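Just so it is clear, A, B, C, D and E label the chains in written order, and each chain counts residues from 1 on its own.
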Amino acid sequence: MQDLLDVRNLTKRFGGLTAVNDLSFTLRQGEVAALLGPNGSGKTTALNMISGFQPASSGTVLLDGERLTGRPPHWISHAGVARTFQLVRVLSSLNVEENILAAVMFRKNPPAKETAQEEVQRLLEDVGLAGRSNENAASLTYIDQKRMELARALASKPKLLLLDEWLAGLNPSELSIGIGLISNLNEKGITILLVEHVMDAIRALCPRAVVMNAGRKIADGATAEVLRDPEVVRAYLGGAHAVA
Amino acid sequence: ALPGTAQDHPDKVKIGYAVSKTGANAGGAAMTTIPNYKLWLSDLEAKGGLEMPDGTKIPVELIEYDDRSSAEEVVRAVERLAGQDEAHFILPPWGTGFNLAVAPLFDRYGYPQLAVSAVTDKAPDFVKRWPKSFWFLGGGHDYTNALATLLADQVKAGVINSKVAMISVADGFGIDLVTAARPSFKEAGLDVVMDQTYPVGTQDFTTILNEAKASGADTFVAFSYPPGTFALTQQAQVNSFNPKVLYLGVGVGFPPYGANLGEKAEGIMTLGGIDPANESNKAYRERHNEVNGQYPDLWGSVITYASLQMLEEAIKRVGLDREAVSKELSTGTFETVLGETSLQDNQLRNLWLVGQWQDGTLAGVAPADRKGASKAKLPKQPW
Amino acid sequence: MLSLEALSVRYGKHIALDNVHLRVDPGETVVILGANGAGKSSLLKAISGLVTPEPGARIALDGHELAGVPPHRIPDEGIALVPEGRGIFTALTVDENLALGAYSKRARAGEARQREFIFDLFPRLAERRKQIAGTMSGGEQQMVAIARALMSNPRLLMLDEPSLGLAPVVVGELFDALGRIGASGVALLLVEQNVTISLQLAARGYLLEVGRVVGEGSAVELKEDPAVRRAFLGLNA
Amino acid sequence: MIAAFSFTALAAVFTALAAAPFFLGTYGTGFLLGLVGYVTLASAWALFSGPTRYVSLATVAFFGIGAYTVAVLYETLPSWLVLVVAALIGLVVALLVGLSTLRLAGVYFVIFTFGLAELIRQIVTWYEVNITGTLGRYLFVDYGPEVVYWKLLALCAVTLAIGYLVKRSRWGLALKMIGDDEVVAEHCGLPTARVKLALFAASSVIITLVGAIQAPRWTYIEPTIVFNPTISFLTLIMALLGGAGRLWGPVVGAVPLFLLFEWLSANFPDHYSIILGLLFIAIVFVLPNGVLGFLEEHWTRLRANRSAKSDLEKREAG
Amino acid sequence: MTLTTTLIAGLVLGGTYALVAMGLTLQYGIARIMNLAYGDMIITAAFAAFIVQALPSINPLTGLAIVVPGGFVFGYLVYVFLLSPLVKRAPNQAALEVDSILTTFGLLFVIQGVLLVLFGSNYTSYTFLNVPVSIFGTTVAANRLIALVLALAIGLLFYALLTRTRWGTALRAVAVSPQSAQLVGINTDRAAAIAFAMGTALAAAGGTVISMYQTFTATGGVVFTMKALIVVIMGGVGNLLGALTAGLVLGIVETAVSTYVDPGLTLAATYTIFLVVLLWRPEGLFGRRVR
């Protein structure tokens, strides 16, 4: 398998603070990997740079060998990268269906309106929002908004999906549904980069993990091994919860 | 019966006007136009109405609209007065621009337009285009030529040097006057050493006055609007700016201007003025105050009122037929607060072109050969 | 200490809470469990006065009626809420957020001590006192939200999913700290999806399902409750 | 069925409006002219500002540009070409403005556009004073208000049609997305900058044309007259009042307000301001969702009542 | 004209702009009300000052002691009766913005109408303290200097109040998130009312001082509103120091352009500088961008 995503020496500075410092890693086509790290270690910032939301201070991001850095988000979206946000963002004046439709209609090769609508229904079903098409997006509960956000990300038919704490706030049974959903997506061939603090999910989903601390990469490898790495344990997992 | 036929009279004569009661033009209209309309109408009421040729008096019905200082509104209001309300006569709005905006309408409907608060050098052309339009306040050249002559005389007499510092407000009025002033001053051998324009709404003239002061000109001319005129007056005092000739624009003729400044007003010049000895004008000012609670300004007000007197008299002579009234206005001679008044080529030419505050009133000093003219007193004493 | 009777909340036609009865004893830690949309957040909001309950509800703190008390009076009663979605003052600095946490009169005296406690708990905040809170990372913002509530020196501290977005090491420290806070006599009312850890902390709990209380008991009882196991411990069961 | 019906009804309304000058006097025509002018302005404004919530006060900048272009060129070019030139100038300015405002949001955009309108007015003034040496321009045309009115009416129809087509196409959705959250819109693959620019340009060109068509009404063209900021404010207020997010919102805002202005200034010239202000406040309090929102709400409620009643009747009958 | 003269003249002119803008930045930046009637409140104060100074033994400066509290009370009442209900019903800031624009637009007409009935539409002016004062060899009018001094004093005082005191921080918190402000015990309704009223009081102070040297008319409020908005936006919404700085910058730019370029371009320069600042910093000079 070839590398889908290639992040090289990515750096982001905010004034005096270097939020992401010389970060490099690659993702193979079809892989599910976790991006871990303590709070404020630069995970979201890294996703922001990959998706084009924030410009990088230096470094490059390649997708399928094509350079993403310096491109506007819509271009990157058309290139095949979709994302969710750590704090959910919904299009609040649209209903659930329109939220998804929006992403279908503006992806690279949008379908005709009728097919689009069918597709939206399928996506809603996939994330467990079937039959809620006409509800106002803003009045959904937090979790349902997250589901909708996932459907919206999927609507653009991404090659690479960036999930920023998408599983946070789910109770254990919901979590297992969520995990099922993500592994399903992966089976369909979507490469996934997962930022998450829920270790159960990481273990269940990601064979591989990249760990950051204070903007730098401190570990990269098989999840089970990485999670045993003493530096990772000290900085991220904490003694008591290393095995929780 | 057609409105305007002399024989069978309507029971009311409808007189309408649209004027800026609100918006940017309201200040000017409230000074020069509206109070005189009010005064005239109250006169008519006291008299029992407009007198017809046969001596009957017909009461007046007033229709008043606010154009909100918008050109589209004033046009539509006049359309309404003409088309909807079928007013017998329509009085003009305030301002050069608005008088021009409504001129085609007055013309189309055959109303005489007695444009007073409009200063334009194009008046002769307009008269050709709209034969029932009448222009009462002269054009920029009239004022600047008179000023240039006056200044040239003073230069000759050795009172002032030939340098003039000149500023103007960047709107139709200021620009018309300054464009007229350049050739006038040149012809009179005056030397314009400063010639600047400032935007409407400017309230701070510090730099301008400093520059004028430094220019060495004995004459300072500002074609300004009231807010600017007041600010210039104040700031000239603060800056101890004491040109020998201080000529400012609209606002100097407002009675509060003289009242507030008192002694200090003495010697300041502007457009307009009055003959202080003219009894009928004095009586007019008193009545203006009685009716409106304020004295008239000393430039356009009295002319506004005189234009209405002319209209009244013309109706008395020929009735409500607007065609005939217009003709009468063009050719007749009328007794008004201005004295014996007649128009040349539909324009009032007998005007006070330069006024100067003297002994608490704005005395007309040019044209110097006009009856009742005062002698210009220069140099103006320092503040 | 806190007792809720006949509490109902509706949003338009939608009934979010239906005749809920609930109590928190002094110094007790109580957890509210419930699926997504069960009404947990609505419950905490109703206590804080952010949503108005249907008439007939009684919300009493030490016998003192709170229903109808405007929300800005609630902190003075000694109740603090870490709201869902954090609700921090994004345009203000960390320090300012904390200072506002101690806005109510009862908090002023112990302000310095609280601040020390917080910086001890979240050293990251001590490093970033002057940072505009809105520019912080998600987890850091969550710390600010918790810290702000702690600053008010509450008698009853309500937390709506406090572990959301926090790194495991921080979650551990947070729950340790909550344990100590509870031990110091502060009552805790907790909504938390991390059931394992919250049932370790709590003495008692309630189970909400579509707006109704369907289960209630000690932490141990709840852990054994089939409904709870089915709904929440699916993964571990 | 319903669509066909409304289309026929609309066509009938426009035909009636087009024929109106033959039956109404000059005043009636002038009145409709003013009304259609504002309806067009408000609709064009809402085309961009409604869904995106970028509240623009640059209306009068484009309006004035249109009017000035006509004043400068009407003697040299045939009148249709003057309109084309005006539209082009409006387009170029709109693109420049659009490009420079991409980074601005909320009230910063609002005041920026206001500042821009004033800047253009100052520059035109300065140019006229210093370069052409005169400020007012005269504009004498040989046609009456009916012609101005018909042109405006046609433009109005085109504007509404554009609004309708945009709403129906995916670009309507795009604008709503921009209004909600531009970041999300971008990440959904929407080139927000280009979409905003295109719609802003379309809206501005229409506004420019309104100014260009209406200018001959005033005979005398001066910056203070054609760059009067009141025009921007009234446009905005009308659209907001009606409901800027809906196709017919600006229309149902502009029509009653225009009537109200006219009625008040005719009947209460001295207390016009006070009454208008109080009515305004009252409207905001009584119609929280704008006029159209109010109508829709009552319409649905009415229909709901009616269908409930008919249900009941059916049941009782059965 | 020397550089110092230009600078001082510019500062004095800018003082007026800053003074006028600071109340608005409180009203919009803290009470979240886009107040289109702001300029008319200034004009109202100018008329009030005009009346008050005509009373025996009161000059416009002592008149401040009457007009400013009057402004506060007026602002408080306007907020409580007119705006507070809108704030309460608004589902979000955007809706509130629309409502407050429409309502204060109505209020603008009401105030203007009342002033027209009371005072007519004439130009009004009087002078007070129109005496020269020399600063570093530059002559300025005492009354304009008062505006600058007052602007500096108010600006710095309020800046300190808002940033250094808990009370001030609470006011800013209301602006950021009214809902959370309640959570920490802030009475948001009252805080907003006070902020709005203080804004009106500042407008009243501005109106009083300006009336000493500027001509005003009942219908001239819009000019002040717009100038104030320009300054507020340029400085960054809700930031007193920003408004102060922006006001002074504009004053200096206008004076410099008038001196060295062409007085005809002063306003063009104002708007250019304003636009340039926004292009360079889309949140204004002192604005903060939050992610």
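Descriptive notes on the structure:
We adopt the following convention: contacts are C-beta pairs under 8 Å (C-beta built on N, C-alpha and C of every residue); 3 or more make two chains touch, one makes a residue touch a chain.
Fair warning: this is a prediction, and the values are worked out from it, not measured in the lab.
Chains that touch both chain C and chain E are absent from this assembly. Spacing of chain A relative to chain D, judged by their CA centroids, is 43 angstrom. Chain D and chain E have Cα centroids separated by 31 Å. Chain centres here are Cα means. That of chain B falls 36 Å from that of chain E.
Remark: chain A and chain E have CA centroids separated by 47 Å (rounded to whole angstrom).
For chain C, the set of residues that touch two or more other chains comprises 135. Counting partner chains per residue, chain B has residues 21-24, 170, 197, 199 touching two or more of them. In this structure, the chains touch in the following pairs: A-C, A-D, B-D, B-E, C-E, D-E.
If you check the complex, the residues on chain C that touch chain A are 11, 33, 35-37, 84-86, 124, 135-140, 142-143, 161, 164-173, 193, 195-197, 230-236.
Listing the residues of chain B that touch chain D in their complex gives 21-24, 64-66, 68-73, 75-77, 79-80, 82-84, 96-97, 100-101, 103-105, 108, 122, 129, 170-172, 175-176, 179, 197, 199-200. Chain D meets chain B in the complex at residues 25-31, 33-34, 37, 122, 125-126, 128-130, 133-136, 138, 140, 144-145, 214, 217-220, 222-226, 228, 230, 265-266, 269-270, 272-273. Within the complex, the chain E residues that touch chain D are 28, 34, 82, 85-86, 89, 94, 97-99, 101-103, 105-114, 116-117, 222, 226, 229-230, 232-233, 237, 262, 264-265, 267-268, 271-272, 274-275, 278-279, 282-284. Residue ranges on chain D touching chain A, taken from their complex, read 170, 173-174, 176-177, 179-181, 183-193, 245.
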